[in-house]
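Multiple structures are listed underneath, in structure tokens.
Two complexes come next, and they have one chain in common, chain A, joined by chain B in the first and chain C in the second.
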Partner chain A sequence: MSKEKIKKQIMNLAPVVGLLLLYGVFMIMGTVKDINIAYGMKAIINQSIVVAVVATGAIFIYTLGSFDISLGASVATSALLGGIVYNATGSLLCMFLANIGVAVFISLFNSILASVFNLPVFVTTIAMLSVLNALVLVLIKVNGTGSEIAVPAEAVKALDTTGFKVLILVLFLVLCIFVFNFTKIGRMQKMLGGNEICARLTGISGKKMAIIGFAMAGIGVGLGAFVSTIYAPTLTKNTASSVGMDVIIAIVFGGMPVSGGARSKITAAVIGAFSMTFLGQIMTLMNFNSGIGQMVKAVIFILVVFVATFNQRSKMLPR
Partner chain B sequence: MKSSKGMITKIFGIGTIPVATLVIMLALCASKGVVMFETQGNWIAFFRAVTSVMLTTFALSINLNSGRFDFSIGSISMISSIVASQICISMGFTTPVMLLISLVSGIFFGTLSGLIYIIVKLPPIIVSLGVTLFYEGFAFAITDGYGVSFVANTELTSFPSVLNYSIIILAGLAVIIFLFDYTKFGYNYKALLSGQKVSVNTGIKEVPNAVGCYAVAGGLMGVVGFISATNTGNIQMALNFGSIGVMFTAFLPMFIGGFIGRFCNERIGYVLGAVTTALISLMYARLNVDSSIQQITTALILVGFLIYLNNEGKLKKLIKG
Partner chain C sequence: MEKKEVIVEVKHMDKRFGSTVALNDVSITVRRGEILGLIGENGSGKSTVTSIIAGMQKADGGEMLYEGREWHPSSMINALENGIGMIVQETGTVPGITVAENIFLGEIEQFKKGVINRKQMMRKAGEILDSIGASHIKPQMITGALDLQDRKLIEIAKVMSKNPQILVVDETTTALSQIGRDIIYKIMEKMKEENKAVVFISHDLDEIMNVCDSLTVLRDGKIIVTFAKEEFNEDLIKTSMIGRELQGDYYRSDYDGRYDSEVVLEVQDGNLGDQLIDFNLQLHRGEILGIGGLSHCGMHALGKVLFGAEHMAKGKVLCHGQMVKDEAFAMKNRIGYVAKDRDVESLCLNASIKDNIAAGGLDQFAVSRFLILPGREKAYVQKQIDGLSIKCQEMNQYVSALSGGNKQKVVFGKWIGRGSEILILDCPTRGVDIGVKQAMYQLMYQMKKEGKSIVIISEEMAELIGMVDRLVVMKDGRISKEFERSNTLSESDIIQYMI
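And then the complex of A and B:
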């Protein structure tokens, strides 16, 4: 193996090594500080899974070189509408279907609006972010007690286990890995993200791929909304409020190039989501105040991405 | 004959959107029996909105037009106003000094952001995510999470007035037009904007130009922070990207400004875009429109306007038959 290839492999493994390092630091600090490690790990899994599931679906959008800033608001809207459906029907299955249906509808609406009217997807999602944030407030006002929509905790108690949530993540991850790595769809998406003109000249439909990508992201958002409701069944305007930006951070932190293309990888979402949560927990263990914790997180984020993409520098400044 | 026709087209292109918006907003207010500009407070609110939105639009567009997406402008606005207000409260400085310190702090934090970008050479969107987190965390840390309040400080809260805001609008516009239309920095900026590779190959120094852009955007956001702080006498903290909302206020005026910029200097287009948005905001305030309805309406206007912009050719063909 040439020196260049070895270097490339090391760079590719940087996010995984970063995650293992963070895990190691968490374990060491947890042991030194004598915390309940099992409880800590459960908290980390609970915190990471929503972001991991949503980010895994979002990889399909990012691979195309697109960007969706409304994912967090979409999770909140889907969760609230799912909650309303549960309160009307008393069926968890109906709630689940509502979560998925609403999320896929929102995602496809974004994509179709952009495709039909030739709009930049990013701007469409900015407008959608405003609409969904407003919709969240309206839904809570109209259907809730004024500040929340609550699904009875007993109803979701049986599903609120680490095993069930991990199962959802694993099943969705397997589906995404299959579509992304073992079907034409994944290859077409990578080609579109890498070189749009070339992809179009070979007959790949950008619009079709965008619709598929957004549909996959919608499924992730719907699952995220379901898991979010199971974990915290009292839904407020703050539900999933940080998920939108956390997804972007997780994807980048996990080693996914923000420009999409051939270097895109599904696993980046999971690696990134867990890395960010470990980092957050380490900051908490170090008793940093929230501000300093966030500063350290920012520095580590930039450093990790810098190291992970060290072999991708060009002469000109990236845009 | 031809030139007078061209002039009419220009005047029509420049004035249609703001004038039509003014007429519609006045009519909406009148239909509810409300006078849109009734008190001095209404005028101050209008001018404040124009100033803030105009400066934010300038700041956003400087980097966005060059393909650099910058999430950090809101956090720069927050941290600059915190630094300035902390210094002024502890030293007993006056409002103009606070404005100056906000401006300088903004330039400093903007430059820092630009330096990080050119050193790490990561896509600007990623750098801006890290920088936003860092500045938000820094602001939180230096105020222990409480933010800054100087409601009782009559000196620092005496700034809001139509005259003061007008001075900032004119000064801001003049500086930006001078910088981007009459200096080597501006010529290089335009060259890099239209062809990065060709410009770099012809010897234009991209790195100092990029840092300069971040510095200018930072300075503008420093002033936005000052305007916001002196209006309420309060600076609230934001963590986990809570500061990025500021950026979203600039998209609609930026696209409106881009359209108007076909008929005049683009920067003047941004001012008129800010005027248009401020008129809509004042109507919302005067009619006590619910915040959810405001958000949805503004988003629909943005999408509607973009649909028009991106399908103008098709629409013209359709109309011509």
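And then the complex of A and C:
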């Protein structure tokens, strides 16, 4: 095997090795500190799933070389409107459909708005972030108690199991892997992210692909909102407040190239989400407070981007 | 003959890329007051050896001496600061910044007095552009808005502003029109007169024989022979390059310019700024139609218009009587387009050979035009790799690691694989060696015989005369002359209608 190929394999496997390493450290520290490992793992899965589901859908946006900063706010809005629908109908199915419908609508609105005004999509998502944050406050004020919208805990209790949440993640992951790796859509998205001009001159429609990409991301957001509601049925303005940033960090942690393109991979989202949660748990076990934890995450984020792009930069700079 | 002073000496240099041997015991001597030509097929090692001299990469073994001292440049910037400048084969400018910022990239500090003195920077950039004869490029222009030729001239200006002792020109002239080429020739002549040295890489044999004082031939990473000017012989050089005599015809040998009367693609009353003015053109089944002219005559825009990638202000493009609305429509109607700016418009460099070829043929191998089965995809791509003899380690190799000729073969594979009936080729043999060129010409001829139609847009007159059934010469957005295929047609007959 050539040196270059070995290097490529190492780069490909690094995120998985990183995840296994974090898992190992968590297990060792958990044993040393004598915590309930099974309970800890359950907590990690619960914490990771919302981010993993949203990030999996968001890979379609990142592959295009774009990003959506409003994903967290979109999860919150979708969850709140889903909660309102449940309280009006008493149907979990209606809530689920509302979650998905609202999220896909917001996502598509972002991409269509960008298309109409011919703006980079991330610009419209910045505007959308403000709008959605305001909408969350309005919804809570008008439809809730003033500080929350609550779905009865008994209604979602049956679904609040690790197995069900993992099932949702697995099903969505399989769908995304299928679309990304085994249909024309994935190939076209990667080409667009790699070279937009070349993709256009190969008959690939950037607008169509952006709409499909954002629709997939919307489904992920809707599912994330549903899982989030099941896990914490009392919805407040803080619901999913950290999801937006966590998704960005998870995707990069998982080995997704920041510029998108041909090297994009769906699994980066899940690997990244779990790696990040393990890291958070390890820091908790080390008695770091949350502020220090955030700082460590930020440093690791920069390190990962630095290492992932080092080869590219060292090749480009001399020119 | 009196031997001139040696300025750079490369001794027994080796370089490998994975399992590929790029250089094997290569020794080269560059002398002051001389233009040394390097010639060889794509992947023969020309760019590798010069890029090592110019600090772009490091050798695995061997020795380099520059002005008698050991030479180990740490980067291209370091080499340029020490007097060795290189103009690279592909784009080396940053698109989103001004021309002046590109010229002084990494050196803007010199204009800093608290804040950057932009006026001074613009003035200095203007002086440098004037000095190389590129006054038409304004320092405040955004680089990305300029065409390939002007971007290349910016690179030349950047290098020449450092007053190098050695200039390496790597396969640059094929991207340029005659005006651009003349600028480079003048610079090279001036360097020679000033007792400096030039290393010139080109696939254009006539050009390299005209310009160079000596010529070194590389093949498969080895030095084959070095010819002094008085030993230059076209056939001998070609044979040395490919290791055998070129078998069969280079261009097509017949002068039968017949084709079917059926019109497959046409432009009706086309208008696009000053690029196309009241333009009418018809392409017939089984025809190779040549479009010639100066770089800015509108012919490159015409290529895009024919493919639906650029929309005219007035007029229409019809394929079998139906309006060509966009690229997707063109592809559906089996039109293929090979763009001039290969790295920017035709390839995704950070993707593999497989990704690039497959992107053009998704509707060909996908089940129900949607579902991708890896086995079918690989078989489709492998067929193109084998059919076009693309030199690569594997189909998952990044396109950016391929030589110019092999990159172009990947682009051809993208369009031929999907069974294109109409091919629009904009400078299809740019940066391609004679072996690959011959293969491409024979492929085009074969396609014509199969009833396919081809438009060749080219600045190489010999290529147009050698290959086309009908030649349309363009000037200032209009057709200035049309020639039928003939064995008496010469370059001078054509040039008078271009200028």
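List of remarks:
To be clear about the criterion, the second predicted complex is superposed on the first by the 303 of 319 C-alpha atoms of A that agree within 3 Å, B and C clash if a C-alpha of one lies under 4 Å from a C-alpha of the other, contacts with A are read in each partner's own complex, and residues count from 1 in each chain.
Just so we're on the same page, a residue touches a chain if its C-beta (ideal position, glycine included) is under 8 Å from a C-beta of that chain, and two chains touch if they have at least 3 such contacts.
Please read these numbers as outputs of a predicted model, since none were measured by experiment.
Overlaying the two complexes via chain A brings chain B and chain C into a clash.
When the two complexes are overlaid on their common chain A, residue A:145 makes contact with neither chain B nor chain C.
Of the two partner chains, chain C is the only one touched by A:187; chain B is not.
Contacts of A:262 after superposition: chain C is touched, whereas chain B is not reached. Of the two partner chains, chain C is the only one touched by A:195; chain B is not.
Counting the residues of chain A touched by each of chain B and chain C gives the higher count for B.
Common to the chain B and chain C contact sets on chain A are residues 317-319.
Residues 67, 113, 117-120, 123-124, 126-131, 133-135, 137-138, 141, 242, 245, 248-249, 252, 258-259, 289-299, 301-302, 305-306, 309, 313-319 of chain A touch chain B in their complex.
Interface residues of chain C facing chain A in the complex, by the touch rule stated above, are 17-19, 55-56, 75-77, 88, 92, 307, 309, 326-328, 330-332, 337, 339, 344-352, 355, 358-360, 362-363, 366, 369-373, 393, 414.
Of all residues in chain A, only 2-5, 181-184, 186-188, 190-191, 194-195, 197-205, 261-263, 317-319 touch chain C in the complex they form.
Chain B makes touch with chain A in their complex at residues 66-68, 116-118, 120-127, 129-134, 136-142, 144-145, 196-197, 200, 206-207, 210, 239-241, 244, 248, 251, 291-296, 298-300, 302-303, 306-307, 310-311.
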